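Look at the two complexes coming up: chain A is in both, with chain B in one and chain C in the other.
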Partner chain A sequence: MRVEYINPFVESAFNVLREVLNSDIQRGELYLKSTSQPVLGVAAIVGLAGDVEGRVLFDMSKPTAIGIASAMNGEELKSLDDLAKATITELANMITAQAVTKLHELGFKFDLTPPAIFTGDNMEITDSKVEALIVPVILPQGKVEINVAVRERA
Partner chain B sequence: MKTKMDFPNINERKAEGLKPDGTPYKVLVVDDSMFVTKQISQILSSEGFDIVGTANDGQEGLEKYKELYPNVDLVTMDITMPKMDGVTSLEKIIEFDKNARVIMISALGKQDLVKKSLLLGAKNYIVKPLDRNKVLERVLLSLK
Partner chain C sequence: MMERVMDTVTEENRKDKLNKERMEKIDFKMVTFSLGGKDYGIDIMKVKEISKADRFTYVPNTAPFVKGVYNLRGEIISIIDLRIMFHLPAEKKKEGVPENIIILRLDEYLIGVVVDTIDKVVGISSETIQPTPSLFGDINIKYIKGVVNHEGRLYILLDVDRILGAEREEVRKEIDTPLLKRIEEKVEAQDNHHAVDFSFIIDTLATFKKFTVNSINETWVRKRFDEWKSDRAYKGEDFQLKDPTEAEEYLSAFYSPYTGKFWAEEYCKAFESFLPEMTGGAFHVWNAGCGNGYETYSLAVLLKSRYPGSMVKIWAHDNDLLNISNAPNLLVNPEEVPEKYRSFLVEGKNGYQFSQAIKDSILFEYHDLLHQSSFPEVDIIVARDIVSFLNPSEQEKVFSEFMDKLKPGGLLFLGQNEVLNLEGWEMVDRGTMKAYKKEV
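Then we have the complex of A and B:
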């Protein structure tokens, strides 16, 4: 997979997270996976279809998701309730919207699905025939992995 | 009371959400995200605006507007929503009340739809993520 697809997602994740959390964030080492990968517990997934196709996953642990949602709402949320899920969905929305704007400017044309959130223990994701690039982002609330698996349509 | 005379109240700034006659502006918030609805409501309520209704999609937004009319001064309208999108809902609200004041709430990358909305009669737009100052500034501009 070409790195140029993931950069807009990482950049916009940085911009948006910095703005909504109003705190310092750090970037971990980028890595590549071509086998099944564990999902951390709460994942927002957005599908892409067009010139490029695949999916983007914003993956985090449940406490991290609750921490981020609490910070964005300015109040302590006790569980991953409807409001917390709506908050993480909106976060994924804002990040992908910004990234897609950049990719459109680069000339790639494609559509997005609305974000879906899935949660659970011991989950895995498998992308057949496309490897995933993962960039961990370190926040005060914990780690969010931006996990992008896209390819050009054959 | 004497203390009031001696110590001017530093909080005397008029809340932005009040009309010249002192009554609050009435706002209808249309958004399918519970998070965004809450965010907008909190920002506006804290400045004295009265959130008179919320709706989860464009269709419900239109119905609520008609129900509330004429007791509604402003609508905040998300663009991407199920059932009826914000641009269609805006169009129908303007059809019903040509003086309706509607502000579009948009994610980045929807410039074409924002432009279309402004041509259809939206007063202004706000791009997410929402920030308190940005929201208040745009809302006040469109109430002038």
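Then we have the complex of A and C:
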């Protein structure tokens, strides 16, 4: 993945999460991955197009998702209902959009697709053709893995 | 005397007869066609039909050799252009002139391939299929089943399953067979003191620095071992490597000249002596393990001056995020760089950097060599002192990736103390520097 793309994604993930959750967050070590990977339970996906092609995946466990949605809505949510799902989708949208805005300022043109959310047990995502950058973020509610796979259009 | 002549004559008659018998036993039919002026054949059992068509529906985001999809009596089939796939010249058809298409039946699906002209069906005996000679440069050798001589014409028999992916698994298995042997066993067999000490060095280098000792660098490691031993004895220290720092010290002499620095004039000259003559067109480079970018910028400056009329593009990869993060906006002190580089520098608000033209020719990517990458075929690969730091199975993977990514006749540059002794690579030795040419 192009070096210039990395920082905008990492920074905006931090800014947005810190702002919406209003709590202390930590960053794990960044790394690259290209094999199929298990999804923790809830995955929000935003597609990218334009100068590049790819996608950003936000992966977290169900309790983490409920925790984040509760914190963002300011009320205790019991299950992953429509409101909780919409909240996580919105979070994915906010982070990706901020990253894309930053990239635009650097001269790279990206478009976003509307986010989609996947939930279920024992899910796996396979796209071995693309190498993904993993940005692990540790929140009080649990761990969120941001999985960015972007490549230049050939 | 007469008898002997008779003998030879009968012998020849016998041979002729044998040949005729072979010719008569027709058990293999192929459809012949031409691509870029040469004759090719495909097993007729794989061919469903032959047709003419044009105006394929373009599908975005596919490989360049995919022409699109086509509606064959209600069935949607994809159409690929073999000429583009094999980098052969393709004559532009006029608007409205249909292309010649061979429709192939692979295991479960149909696929259409566009060819120049379709010739005829030729029946031969499968015994006359000869193994592939290694001179066909245009097509990757693994896609060729063999060569057939029929009525004075040579046909190259293509292996469609291989080309179109049905036999991917088998190809992979072939790659898996060990090409590079570790030398440990050899060392232990000698069973003397020196050998035991040496095998200990091999193990510690692997543990501390992930450095694999094998045929690629064995000569250097042995030479260095003797030097190191006498050096340490002189200092009154044990020669065994106790920690990563000592392992690094052992390897300090391994790295190629100008690692982490800009290449000096004479090193550039030596490098340039390998480069082909070229005017115009594109020149693609893969710089694997570019580190902090000094090597990449050196290459960019060198190639820009060498090929002023061409489009130079360098894909620079490293899996060390910290190192490569600074590479795109590397700050340079003009006092410290060789003369050659100065004209390519511009002053920015933080100091001197390389000009936009140089930056635009380089794409720095955070990428692991062992993962899939997506860039077109390249003319040269520069991977100095990288493969020695991979384990043997990773090395095999990387060399087959190098093989795939390089154009036929392209050059691979390894480190100063690395030697490649692998089938398919031909060493080009120019004294101060070596390169490996992908055999065609």
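What we mean here is this: the second predicted complex is superposed on the first by the 152 of 154 C-alpha atoms of A that agree within 3 Å, B and C clash if a C-alpha of one lies under 4 Å from a C-alpha of the other, contacts with A are read in each partner's own complex, and residues count from 1 in each chain.
Just so it is clear, a contact is a pair of C-beta atoms (placed from the backbone, for glycine too) under 8 Å apart; a residue touches a chain by one contact, two chains touch by 3 or more.
If you're wondering where the values come from, they're calculated on a predicted model, not measured in any experiment.
With the C-alpha superposition on chain A as described, chain C and chain B fit side by side in the combined arrangement.
Within the superposed three-chain model, A:Ile117 lies out of touch with both chain B and chain C [touch as defined at top].
In the superposition on chain A, contact is made by A:Gln98 with chain B only, not with chain C. For the three-chain arrangement built by superposition, the Cα-centre angle with chain A at its corner and chain B and chain C at its ends equals 140°, in steps of 10. By the touch criterion defined above, A:Val3 lies against chain C but remains apart from chain B after alignment on the C-alpha atoms of chain A.
Contacts of A:Val52 after superposition: neither chain B nor chain C is touched.
Shared-chain residue A:Ile25: touches no atom of chain B or chain C.
By the touch criterion defined above, A:Glu131 lies against chain C but remains apart from chain B after alignment on the C-alpha atoms of chain A.
Closest approach of chain B to chain C, taken over C-alpha atoms in the A-based superposition, is 25 Å. No residue of chain A lies in contact with both chain B in one complex and chain C in the other. Those residues of chain A lying in contact with chain C across their complex are 1-4, 6-7, 30, 32-34, 53, 128-131, 133, 151-152, 154.
On chain C, the positions that touch chain A within their shared complex are 61, 64, 319, 321, 324-325, 327-328, 363-368, 370-376. Those residues of chain A that touch chain B in the complex are listed here as 16, 19-20, 72-74, 82-83, 86-87, 89-90, 93-94, 97-98, 100-101, 104, 114. Taken in their complex, chain B has these residues touching chain A: 33-36, 38-39, 42, 80, 107-110, 128-129, 131.
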